[in-house]
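Here you go, one structure.
Chain lettering (A, B, C and D) follows the sequence in which the chains are written, and residue indices restart at 1 in each chain.
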Amino acid sequence: MRFFLRRTAFYLFTAWAAITINFFLPRFLKGDPVSAYIAKNQGLISPDAAAALRTLFGLDKNQSLLEQYISYWKLLLSGDLGRSFSKGLAPVTDVIASALPWTIGLVGIATIISFVIGTTLGAYAGWRRGSKADALIPITTFFSTVPYFWLGLIAIAFFATTLGWFPASHAYDKGASPELTWDFIGQVINHGTLPALTIVVSSLGGWVLGMRNMMVTVMDEDYVTVAQAKGLPPRKVLINYAARNAVLPQLSSFALSLGFIVGGTLVMELVFSYPGVGKLLLDATNAKDYPLMQGLFLIITLTILVANILADVAYAILDPRTRQSEA
Amino acid sequence: MTTLEFKDVTKRYRIRGTGDFLALDKVNFTLTSGKTIALVGQSGSGKSTIAKILTQLERATSGEVLLDGKPIPRRGRALRSYRQQVRMVFQDPFASLNPYHTIRHHIERPLRLDKVVPNEEVENEVYRLLERVRLEPNDVIDRRPHELSGGQRQRVAIARALASRPSLLIADEPVSMLDVSIRLGVLNLLADLQRENNLGVLYITHDLATARHFSDEIMVLNRGVVVERGNADDVILNPQHAYTRELRDASPNPDKHFAAPGTTSPRS
Amino acid sequence: MTQPETAVMAAVADPAPRTARKQTPFTKFAQAFSMFRNGKSITGLCILGFFVLVAIFGDLLAPYGPLDKDFSALRQGPSSTHWLGTTHMGEDVLSQLIYGTRGVLVVGFAAGIIATLIAVIIGVTAGYMGGWKSESLSAITNVFLVIPALPLMIIVASQYENPSLLLIAGVLALTGWAWGSRVLRAQTMSLRNRDFVQAARANGEPLYRIIAVEMLPNLIAIIASSFVGTVTAAVLGLTTLAFIGVIPITNLNWGTILFWAQQNGAFPDFWWWYVPAGLCIALLGMALSLINFGIDEYVNPRLRSAGERAREMRKKGIKVTSSVTAVRTTPTSGTQPDDGAASAPRHASPAVDLDAVTPVAPPAPANPDDTTAR
Amino acid sequence: MTLDKNQERIVTSDNLLTVSNFSVMYDVDPPVEAVRDVSLTLKRGEILGLAGESGCGKTTLAYGIQRLLKPPAVITQGSAIFHDKAGEDIDLNSLDEKQMRAFRWNKASMVFQGAMNALNPVVNIGKQLGDVFTTHRPELSRAERHEESARLLEIVGVGRDRLRAFPHELSGGMRQRVMIAMALALKPQLMIMDEPTTALDVLVQREILQQISDLRKEFGFSVIFITHDLPLLLEISDRIAVMRAGKVVEINTAEQIYHHAEHEYTRKLLASFPSLTGERGDFVRGTSSVETGA
């Protein structure tokens, strides 16, 4: 139990830290584009929307920093992240809400697939080291050093444009509107294959290498020799004794590197013009739509935090020592 | 004649979740130069905690540790001179020497730190110390720990401890990780050094046999409490406390076993 | 119970005890960087060296200025005058690549240095101090790990019209130090409890000496590998930022080339415009990973032996994956046929057997008789 | 309570294991002869002590017989013949992997030293016990397996309630008892024990040794007991083989080794253990030669 208490305390602290960074980000950056925008669109913005924007961006100097901080939190808790300039003053929260599922679908699933495939390949490479399986390491490492966006561009140039196997962009055919029909789901999968494939291929290297090294270390442990001495079939030794222990550090590093990986794969959405949070963030940057950018950064961080929690829960399930020893 | 006294020393560890763990409970003893005391106890008896408190790597929760009557200073020059008087040899020869540095560095550091000899004398002093622990200086001085055997490494550790000319030496299981045939060699070395320098040695071990042969007195420790103390032979040959007796009978003792063939030894 | 018998270990290490060699400052220095003395690191260092040379002598090497326009050769494929062809404005792609190298390396290494400094300070301090100080520093490190690097960079970089190289490096460093700090903290904590550090404390060594002289040399390998890791991340980060267009084109690097290529419809036809830039980034990344592999194998020799030894044994017909010891009785003495693993029936797909390799021991003591009973 | 060994002779006359000219080499560069031409026989129901310092080849020999050595170890010479109670002789060197796996634990099982590391940390001990039955006794139903595992834990004094416990929740002594229960599972004819009590303190060690002795009387299996602790072997084993640098320098009954050790190295080893209750300053056997260190 104690283990969960400590972990939740850490997550709350991280969430608070992310929100606080988001609070201070606009404040210490120079320039004040927001009030210029408000001044320009005096008529369009309702007074309370303007007030919300001023709090979000710390524009009302008369309030002390602390008061601004408190009202900032009030806004957050009420789910108001201000108005998006580039999206016709629509509430930022709604804009993000429409894009988030796509990102979770594409980046989330692709990252999990990449982790699972990478770990299995790594286990196999660790198990059969010295054989041709060793060739796996340089290949996957090469793909992991290749920049994501470049791999995406090449994939589009090759598979989509030249071979025409997959559509080059968007999440579904033009004109179609999102609804739960098989045809639409078919489109989504069709559109999503290429970007997902490039994410998996480019992030595979890290997992394969990590798992192989862990397998090599674990296989010299005594309990693996005991399993052999017990005459257990090799497959049982590989899975229940060797891989089961080797996957633990792999899982904890997965949890912690989510920030880096998800951050990187968001660019994939730009290359494939996929309607996720990543593309939204890049468009907002070009359009200097600061409220949307701030909101996006916060939501992305919190989503990664949630993914982190899930990974940690999986770790606790797999490793009994964390449950018992801490309690 | 330096004396180091433990007065009602208690040590409590706060372990998260399971509350306090009493490692030492009102331990009293005196260590004087010129005499070897063996501290015998099984794993978890608290004998290493005593060593850590003696070398000020840890502080006692309550009770006093007095060197020549004065309590151990907290920091500053006085602590430095305390540390110069009380030196320790660790159990694991593989871990007690820094893998990155050469043997020369290990012996020089205490010499320079405590300015035991003027700088130009340091080189000879290092050679002298290595010879005193029966190591051929030229053979080892510029080598790194992993290039030496366990026995050689433990001798380097002893030379390092002797560098600051301490009056008291704490040996925490000095031979338990060494090969059987060289254990007596290292213990004999410690015994000779103890006689030559009139050192006070605290020999910490779980092995009753070596404790008996290499110390004047034996102290038996069980779960942080000194259950028996006395002259080495008395404690082993006719132990007063039940725990000591149990410990002695449990230790392998072929002499008694083969003493009179056919007689079955008492089964308790 | 380690793999039985340390006799093996003694033989594997150099058998004859070397005569004492003088520890000159040079050997001390060479010893500190002995981690780079293996195949993988050397290849990595050579490729890196090549890029550094290109960065330094860019001006001399490049046939044209990066933005010189040759209007007679718009969108030309590789030719004698333009080895790597030209852009839509007739700029020489090869020259742009050469000049771009400097941008990438300068920012990459600057970010690496800043990030490693932060990682060492926070990681080692957190590792050495115990209790709540260590916990809070570690919590801060983990926060920076959870925060997505690229989005933060995008937001910070986009606030500035013309961000300086140093600022970009700073932002990259700010988002890249956490991983190194975490690894360093773990290693420092394990070192702190080792006997030789306790011995130094017991001998009254001052704190700064304990950290600088006793602990730091043993951390060099980890620091080096976290530096290399951060540089790799910084290079990827920089080129991605440039590709997105968040970093203005004044700071020419391989990412900017790809930005121009993508903006001006280079895909998919003008391959010479976008392929080389991507390959350079990958090659640099590969070189840095090779260096990291070399360091990993130096820190954990078991990894190195795993692959090589297994290959050697396969050549000798020992089935490496066999969980049963091979029997190779020489025909003269043994009656049984030379069987066992070697002639185990080769069915179609050999059962996935447990692969085990005798670990290469830490360099063993000189004479086997005196080895410690572990 | 010292082990009382000579109560009634349960050592039978017929052999269980015959090892002849057995050699193991580590195929590294330069190759290492870890075990050199060892020949010995083990009687049914006998405890054979294998003594020697680290690096002498005692563990390699014991692992080699069961062909448990990981590559690059290679058996280069000799044979190990297991005389199965059911009559036929099994030449261990000629078994292929499948046959070897069937032989292991069924006929010969092992108790390992590193109690902390010998049990799979992420699986509860009930399941680890069950592994043996699912592999070697597939005909048993889940309930029978569960009952059999529980009974084993009762025999070794761990108690059936600990079936679902994890290794890190048990003390060193308890973990070693679980290892013994596991080794006992298929009632093997031979148990090889690799320094089973070295990591435990003396009191727990004595309990474990007593338990091994009682189980041996009850199930009649033979034991190969590997340790560097010669005095311990002198007390518990019927015969002792002293090894040095891959060779068996001397093999004899415990009494002979204690009273009239022939080989010079055996005497040196004996001299390395000071006597507990003998004369101060003298060593295990009364000779007063003060041995000087290497």
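In this section, a residue touches a chain if its C-beta (ideal position, glycine included) is under 8 Å from a C-beta of that chain, and two chains touch if they have at least 3 such contacts.
Not measured: the values here are computed from a predicted model.
Colleague: Taking each chain's centre as the mean of its C-alpha atoms, which one lies nearest the mean of all protein C-alpha atoms here?
Modeller: Here the chain at the core of the arrangement is C.
Colleague: Could you let me know which interface, A-D or C-D, is made of more C-beta pairs in contact?
Modeller: C-D
Colleague: Just give me the whole-number Å value for how far the CA centre of chain B lies from that of chain C.
Modeller: For chain B versus chain C, the centre distance works out to 43 Å.
Colleague: If you average the Cα atoms of chain A and of chain D to get two centres, how far apart are those centres in Å?
Modeller: 53
Colleague: Any idea how many Å lie between the Cα centroids of chain A and chain C?
Modeller: Taking the mean C-alpha position of each chain, the two centres sit 24 Å apart.
Colleague: Identify all positions of chain A at which a residue touches two or more other chains, and write them in rising order.
Modeller: Within chain A, residues 222, 228, 233 contact more than one other chain.
Colleague: If a residue has to touch 2 or more other chains to count, which residues of chain D qualify?
Modeller: Expected reply: 53-54, 68, 70, 100-101, 112, 114, 117-118, 228, 294.
Colleague: Would you mind listing the residues of chain C that make contact with two or more other chains?
Modeller: Within chain C, residues 1, 3, 309-310, 313, 320, 323, 351, 353, 356-357, 369-374 contact more than one other chain.
Colleague: Over in the complex, which chain B residues touch chain D? Could you list them?
Modeller: 42-44, 134, 151, 179-186, 188-189, 206, 208-210, 212-213, 232-233, 236-237, 246-258, 261-262, 264-268
Colleague: Can you list the chain D residues touching chain B in their complex?
Modeller: Listed in rising order, the residues are 1-2, 4, 6-7, 53-54, 201-203, 205-206, 228-232, 234-235, 255, 258-259, 268-269, 271-278, 280-281, 284-285, 290-294.
Colleague: Within the complex, which stretch of chain A touches chain C?
Modeller: Contact set of chain A toward chain C: 10, 13-14, 17-18, 21, 25, 29-31, 126-131, 134, 141-142, 144-151, 153-154, 156-158, 161-162, 213, 216-217, 219-220, 222, 224, 228, 233-235, 237-238, 242, 256-260, 262-264, 266-267, 270, 281-282, 285-286, 288, 293-294, 296-297, 300-301, 304-305, 308.
Colleague: Write out the stretch or stretches of chain D touching chain C in their complex.
Modeller: Chain D residues touching chain C: 21, 24, 26-28, 30, 32, 34, 53-57, 59-60, 62-64, 67-79, 91, 93-97, 100-101, 112-114, 117-118, 194-195, 228, 245-246, 294.
Colleague: Quick one: in the complex, what on chain C touches chain B?
Modeller: Where chain C meets chain B, its residues are 17-23, 31, 194-196, 198-205, 213-214, 217-218, 362-367, 369-374.
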